[in-house]
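Each of the two complexes below includes chain A, the first together with chain B, the second together with chain C.
On to the complex of A and B.
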């Protein structure tokens, strides 16, 4: 996993999977990087092949951590179709800006 | 031409037990995804199955508590072209699975796992057991037609396609063979594991069958099992182990010879032949196996070896649409045979141990009995003393003793402790010791008996036992007998001036009945030559095969005819023993018996024979004779 702080944008990428096994460390690492108060948090899911409910839980934890900060955008970039379906099934697509490019 | 649909007789199966941690749970999800991909499941479907296994495996790890944290959950995938079934067996406290879980709010942190499983799969069931639960997840699939077998024709322009079809079929067959091989090797390893366990433990665990059956259920991907064993009377089948509590309720009566079995298991037990069953084809409401559900189906195998029935085992699945295949049947047969042999072996081992214990107890009993009877009896001038003893059991409660007080007088004692075995023997040895001590202070039978009662009363009454006894003081110089009795049978002797045998019946309560009681004595003068017989009631109560007792009259007549001048006490004793054995014939001994004889032989020097070192060897049912010289 790669975390890059590009000024206003905190970019997280290279996440092969988000599961019960690694979701806690994912959450903790990203939350630790939030200290710089970015305006945009972009989670690049293009390389994420698998996610389970714990992975969804980690994304939800990020949503909650940023919900109190007005103006902060939480963006999921290029999720694979299966993960996009998972977000829709759990109605969690409402919490994030999902972008394909 | 449409290719015929090739449906495997049984599903391709992957079964993985995993360490209870999240990393292992993750590895298992990946392995099952790979397995399903190998079966040809499309990429877009794989995500769903991986998700379900992942959710269920994580729950199995995260909700395990206490000792269950050491137990390995099991994940399984069963594939047929028309259905995929996933199972995860956990060791958690379990939970109630609602029929339909509503979509959780996106703003909540929990409850998504089971919701996702239910959303993705067609059927989800949670089978709860006492120590483990299984989440069963099923998804129907549109069957993909498998390629038909082709004949290789190198001149056919489509031969490349046919080669490829045949290749894919061969690889499918190899996968099935590999699966079969794996199943057989797992069967063997389960059996070996069980053998090793049985060999290791000293105390044979009663639950070895259960562990074996858990393996069997996993190997055959069955849902349930019921193990029944034959009752001791051989008339009923009792549940020894069952996968679920409600399967363990009913006792099955076996039919009388020629009768009709009332259930499938009874029929299998009666015929010693395995039988398949399917609840969808039977409507008998009393059939115990209906408990597994209206769609349940499976196999019932007899547990037998060498013609000996041990019990039955029923194994199956709740969904008859997805029955056990031929290979599973074979595995169940193999387990049934192994279980039967092990059970019979265990019984044999237990019998051997029991025989060893009995032999050791007999040895101990013989040692005790040797302590009970005096090794030597005093022989005084002109008189000889001999005793005989025979026990109905290994340790008897009858005993006697003779104590020489001086050259001219002795005490004879005989007693019968109520109750047999070791406790009676302990009282007997105590009493002999006490009598020796008391005899140093007094030689009066009344006083001795009263003293014994006072000393023994507390101990005897606390265990509700009592002793009947007789003590006779013999003064050889004056030829005077003084006797006291504690509820004992009479004394027979040759009285001065009489030709027939006299009887002296003295009143007195048995020792241990009242704390302070008087023991009156009676006296008489012995005739010439003297003869005196003390005995326990086992002697006169002895029955012949016709059921008649020997009785006092017969005993007195025998004594008059056999205690004749010139015979030593030993000779008379041997003759009496022979007479009693002759009378008994083949009849069983019902009670112990003992007797003590004093006879007058003629002139001689008073001598007291020191205790010898000869060991007394006992044979059950044979008279025991201490040495007299």
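On to the complex of A and C.
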């Protein structure tokens, strides 16, 4: 996983999967990076091929963390169709701004 | 009168429909393609029907039996390939022999439902869903006493359990022994096959839910085919194997241990009291349902 702080934008990418094995470390590392108070958080899911409920839980935890910070936007970038299906199944697509570039 | 039914071999456009068994036995509105056609031909006067099965003849035989339920005699003939109409005629219909249904009902390829030749079943997942949605009003034949049209465009199985707080939006089909739990929304354009379960506050719209499939509490199935743990978006053909049984799973095998294990993991990651409360409520509903199914013996070994 790669975390880049580009001033106002915190970019998280290269996430091959988000499961019980790595969701806790994903959540902790991203939340630690939130200390820099970015205005935009982009999670690039273009390389994420597998996600389970633990991964969804980690995304939800980030949603909760950013919801408490006024003006912070959380985006999911380019999820593959299977991940998008999972987000729709769990209705979590309503929580996130999903962007395709 | 006699007739021949040709079961389609596998179709590359709909690989997942053919996984559990031959396409002719794929469940459709409480029956299967072969069964619906036998019933239709029986109504037209057929009494002897040969079913040519290109593989999986035993599954076809298990699905249609000897035809006694429709008042006809059915024989299943296994072949190594799917014959064309001409090949089937050449091999199985002696030229000039009397007593056959008139064309095109003398030899039928099971690639569409009766009276819907313009809606092919197996060209894509979208065509499959379109054919089922269009055929919904025609599926209620006089012989099918376990399904009733409770109001225009809403068909419900006599042994289905629908919560009073659930919403059924026409058109929708709720098959036999289906359970629709508290606050769920089914329709419009939803088909729930027999013995499926829609969890509390879940939503199913423009979708087909296969038999013995559990749609978890608070989930949303839209524009999809959900069968077991497989979720297919019929607009894009995108296919997802849902990893967590409390979201979507097959009820054909016991999943209680797996379910509780996954819930525990999810509870551990969602640290907020609200989220935990929601998940615990969902877990309770699932456990209740699983226990009910166990006690009621509604967990068949086979899909058909």
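A few remarks follow.
The rule is simple: the second predicted complex is superposed on the first by the 101 of 101 C-alpha atoms of A that agree within 3 Å, B and C clash if a C-alpha of one lies under 4 Å from a C-alpha of the other, contacts with A are read in each partner's own complex, and residues count from 1 in each chain.
Methods note: a contact is a pair of C-beta atoms (placed from the backbone, for glycine too) under 8 Å apart; a residue touches a chain by one contact, two chains touch by 3 or more.
Note that the structure is a prediction, hence the values are computed from the model and not measured.
On the superposed chain A, the two partners chain B and chain C do not both fit; they clash.
In the superposition on chain A, no contact is made by A:99 with either chain B or chain C.
When the shared chain is aligned, chain B and chain C each come close enough to touch A:82. By the document's definition of touching, of the two partners only chain B reaches A:21; chain C does not. Judged by the touch definition given at the top, the superposed model places A:54 against both chain B and chain C. In the superposition on chain A, contact is made by A:90 with both chain B and chain C. It is stretch 75-83 of chain C, out of 75-83, 129-137 or 165-173, that runs into chain B when the two complexes are superposed. In the superposition on chain A, the residues of chain A touched by chain B in one structure and by chain C in the other are 20, 50, 52-54, 56-57, 60-61, 81-82, 86, 89-91.
Across the complex, chain B meets chain A through its residues 22-23, 25-26, 29, 44, 47, 50-51, 54-55, 58, 61-62, 103-107, 109-110, 112-113, 115-116, 119. Across the complex, chain B is touched by residues 19-21, 50, 52-54, 56-57, 60-61, 81-82, 86, 89-92, 94-95 of chain A. Within the complex, the chain A residues that touch chain C are 20, 23-24, 27, 50-54, 56-58, 60-61, 64, 81-82, 84-86, 88-91. Chain C meets chain A in the complex at residues 218-222, 224, 231, 233, 236, 238-240, 242-244, 246-248, 262, 265-266, 268-272, 275.
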